[in-house]
Amino acid sequence: MGLLKDFDQRNRAALGEELHRFARELYPICRSITGNGLRRTLTMIQNRVPLQTTEVPSGTQVFDWKVPKEWNIRDAFIRSANGKRVVDFQKCNLYVMNYSVPVHSIMPLNELKTHLFSIPEKPDCIPYRTSYYKEDWGFCLSHSQLQALEDGEYEVCIDSTLENRSLTYGECYLPGQTTDEVLISCHACHPSLANDNLSGLTVATHLAEFLAGRDLRYSYRFVFIPGTIGAIAWLARNIEAAQRIRHGLVLTCIGDKGRFHYKKSRRGNTEIDRAVMHVLTHQTDAPEFLEFSPYGYDERQYCSPGFNLPVGCLMRSVWGTFPEYHTSADNLEFIHADKLAESLRVCAAVLDVLEDNHRYCNLNPHCEPQLGKRGLYRPTGGGTIEEELNARLWVLNLSDGDHSLLDIADRSKIAFPMIRDAAELLHQSGLLSVVSESVADGKSSPEAAAPSVAVARRSQS
Amino acid sequence: MGLLKDFDQRNRAALGEELHRFARELYPICRSITGNGLRRTLTMIQNRVPLQTTEVPSGTQVFDWKVPKEWNIRDAFIRSANGKRVVDFQKCNLYVMNYSVPVHSIMPLNELKTHLFSIPEKPDCIPYRTSYYKEDWGFCLSHSQLQALEDGEYEVCIDSTLENRSLTYGECYLPGQTTDEVLISCHACHPSLANDNLSGLTVATHLAEFLAGRDLRYSYRFVFIPGTIGAIAWLARNIEAAQRIRHGLVLTCIGDKGRFHYKKSRRGNTEIDRAVMHVLTHQTDAPEFLEFSPYGYDERQYCSPGFNLPVGCLMRSVWGTFPEYHTSADNLEFIHADKLAESLRVCAAVLDVLEDNHRYCNLNPHCEPQLGKRGLYRPTGGGTIEEELNARLWVLNLSDGDHSLLDIADRSKIAFPMIRDAAELLHQSGLLSVVSESVADGKSSPEAAAPSVAVARRSQS
Amino acid sequence: MGLLKDFDQRNRAALGEELHRFARELYPICRSITGNGLRRTLTMIQNRVPLQTTEVPSGTQVFDWKVPKEWNIRDAFIRSANGKRVVDFQKCNLYVMNYSVPVHSIMPLNELKTHLFSIPEKPDCIPYRTSYYKEDWGFCLSHSQLQALEDGEYEVCIDSTLENRSLTYGECYLPGQTTDEVLISCHACHPSLANDNLSGLTVATHLAEFLAGRDLRYSYRFVFIPGTIGAIAWLARNIEAAQRIRHGLVLTCIGDKGRFHYKKSRRGNTEIDRAVMHVLTHQTDAPEFLEFSPYGYDERQYCSPGFNLPVGCLMRSVWGTFPEYHTSADNLEFIHADKLAESLRVCAAVLDVLEDNHRYCNLNPHCEPQLGKRGLYRPTGGGTIEEELNARLWVLNLSDGDHSLLDIADRSKIAFPMIRDAAELLHQSGLLSVVSESVADGKSSPEAAAPSVAVARRSQS
């Protein structure tokens, strides 16, 4: 037991370097919501953790959506009259608007400009643009590049294909003692952007590596999916599995220097919400907690009313709010080894709570048991007590079958590991019994029930 | 639909002038809780909206009260020895204590003074005084007038009558699609006082004019009544109608320059409370919300425990707290055309919420529906989204049959009209169905139930 | 009726002197958790109030504990080589570690020092130390005394006995109209320490004196017990009586100059919690309310999960937080006659609330009753109203059978006595009926139910 204690035996600096190295390996690949870049990314994850990949054919109906054609790209450039590639996909895959249809043509600057995107306020950054569901082509470039273009004719070429093939996603499933699942989800569709979302991919991959082979309470499902359409496709094909999700996290933008932000699930007070907020409060500086809103990453889909799953989103800086977001400045320098490692540790600490968040019953509920005769008190009376003993008193006092260890940790304002250790010691001393899981499930009805079915039924009637 | 949108097509300045003109017409009349001044006031309202008047005979038992004798007054004065009217009812009806019994006598200043009322701290204001239930007579005058009175004999005359006739009130009933009612109540018993309550009378009259002839969800009942005894008489004669009141507002002191204040209903969190607070928060500067208290205007009666109706009180400056209150300084200069018009607009905005506060069901509850293929999204991905689209996502996410549009507006912090427009657009696009009203009523049990009956039974057993 | 009103007819200064005098009488006695000092203390209380004492034999099993041997002490000293008693129990009973086993020996200073306790940061204070459950001996002395000891041989003598006899506690039971009980508990085991807890003993004794012979709603049980083991022994022998406890207070540290602190019961919102917080808010300066925690005085036992009684702890300065705590500086100068009297008054005010906290039904629930015709209103209309009338309106408005007078006092922010007086006046005027207690009990289920049984059953299953 004690995932976090185990985690803390590792060399954190080395771990951070390893995380960053994996991000560097993934960085150059031109990913999209379909295609070979995505496949290559999944293969690299598969080299580290057991990953099952699924191909969903183009045109497949997934709820209200259709899986789009598969996009692949070999090359793209804008060539000036003097034969020089002034914009070159080989140098940076952000130059091409993602999902651009193929084009090969010569046109004057004026006409070309209707296909060029830049950010005048950030003249040195290449923006990241997509056009998944409207057939179009375009180039993204820094505003200074754009302004340097001289009048004249330009050869434009996008050597891409859009074909009826398939959309790919990967799942790493780690079976546990129960079939109740913890979902870790991250989008794998962004090209050379580091914080959004190589940070999520590397942390999730290493978290899966860390968990693999352990004897765990929950089963864990890591999904590496293209954003939006991938989550929709996964949910459409896994309606039953979705019912087994007890807790879930979307991981994104967790490699930068920002403090932690947690966006709560739609329900707002589920066990995952409380676990993350507890961990961030006790283990990080000045975290911020955001109420659920229906715009964002794939929590949008998991928290749609028909599912209403207990899934929140863990971030450092919030997507859309930092200047590097969705530009070439979200690069490998923007994410940091130590920050990635700290994010991974936070994830381990959250799972540490979920795994051990049991309910106990005090077997001597009338008055305090005599801790002293068991060597669990201090020898001489009077004065204040240390936090360890305090944790024991809290656990004894609130172990009435109604309060989980997280409830006790929150009410006592003592960090979860100290409460859990106290409970284990008291349990070993014969002072507590574990409340059986099924009873606990019945009690924690807000989390343990499967409200999505009920909601779905009502909203479709 | 869209009462507010309709309202905003009017010329606001012209409307303000019209409101103030009506207040000016009503100002000179000497009103009381019974009598011809009250009748004349109701006739002037009747010239604008369909008004049914009721006469309740003096002596009628209404709950714990008896309707008092009818009071009328022709003239009143204090004449000094030199024959000059030093206090003259013809110049200002506040000079006479309302409900004074007739008197005609000559008396020395010392004796007269026991019947004179002034406010030493506001030496230029005539106070407003009444003595409805204790037979007495008196004059109110400014403190400077009082101090100017020289010793000597004075002729005092109050040419009033107190007779067994009746108490009058008026009702404007606008039938809607359902018999569920919205109550708008204002007291019509104050003589020449502008903010308290010609402001309420003019705004309510124009609100009724604005609603008349429309196809509305709710039936609307405007009651123009003498304060306290009128509300009690109306309730005593309309116990069944009172059960149909789903939402209600008392309007008073809404013509001055003060910011808005809303005093919540006894229940404190009913739909009218939430609608008014939502509208004031989004549409006015720094509104204040007051908890219910049992002293005040006729919400006292509507919120008595036997009725416990969802009725709050909308004000600008709060009665009793501004220096002009219940003095001759609460005159036509104290209320303003633009403030009256803004208050009317707030009322329209509140009704706009009530009329359209439906519940919807997302017909694609699993994951987001694809808005793009319906032209309801933006073409190019990435970055933040505008509030209109955000409103659509909120409506889709929370339309699970449990959340009303006002719930969604409050949770999203988006103004109701934008949420409503989003819902209508999504409904037209086939993405939402309306939850039938009866179901909605069953759900909103705190508001829709008829708790007053139950309470009454229990408290009388 | 009106405990507080009655209390306030006494001479407060004289009462304070009496309280302090009693503390002075009790001060010199060497108390412990068993023994003759405790017995003598109970006898002195018995001289003032009817007190039944109980002897629980050593070795008796009380829940998870065993009653320890009885400790008595005749003399103790440390004598230096020159024959002088450098530490002398006859001068101050704190010099001996409480429950020290007998010793008579000669030893060098080095060896002796392992049995000496002082507080270097408070060099003039003798600390208070106990060793109840580990057989040991020791002396406590001021740090300056300790430093003045010269090298050499010392004669140490503790002339104490530890025998199989009994543990003593006292109960003062005042029967009331119902068998529902109010518990007042204070620990009587500390030797010469004034605030902790002669303050509690004197206030509780005088409170019992004040209540004795009155016709009261509740039965009152005052328990004077050794801390921890005494509370456990009492509970173990009174499981049924404990089920009858509706409200309870532990009194400690209530004689010093600090502002009041109230530590809430484990349930946190019971009637005793609300009554104490109401009284302290209205009647004292800047009180502080502390959440329940499982460390502290005997509320630990009363609030153990198997009992979970509505028992809070009333203090001025909080034990453990003031520098004099558990040292010889917690002496008779540290507590004050006027502070003891004020604490006693707060207790009377709390009981005043509990005794009169009834529910009423407004017999005219529809609209306000006409107070004027009963002489309960003011004669002339308009303007604001005085608090007395306001209290009547609040009582009428909220007397629907659901709200207790304390509910009304809290919601109206009016002090309880004024609300109670209004209710009694309205009741005498025939406007209210009393809701029968059994109904009230059924309603106030959080307090009135006997949850400890249920909890106990669940937690032992």
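All chains are identified by letter, namely A, B and C, in their written order; residue positions are counted from 1 within each chain.
Following the convention adopted for this analysis, contacts are C-beta pairs under 8 Å (C-beta built on N, C-alpha and C of every residue); 3 or more make two chains touch, one makes a residue touch a chain.
Here the structure is a predicted model, which means the values were calculated and not measured.
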Next on the checklist: If I superpose chain A onto chain B using their CA atoms, what angle of rotation comes out, to the nearest 5 degrees?
Outcome noted: 120
Checklist outcome for this item: Taking shared numbers over all numbers used, above half giving same and below half different, the chain A and chain C interface sides are different
Item to check | Cα-centroid distance, chain A relative to chain C, in whole angstrom | outcome: 53
Checklist outcome for this item: chain B residues touching 2+ other chains are none
Item to check | chain C-facing residues of chain A, complex | outcome: 361-370, 372-373, 379-385, 390, 393-394, 396-401, 412
Checklist outcome for this item: In their shared complex, chain B is touched by residues of chain A numbered 62-65, 127-134, 228, 231-232, 235-236, 239, 266, 293-295, 300-301, 303-308, 320, 326, 455-456, 458-461
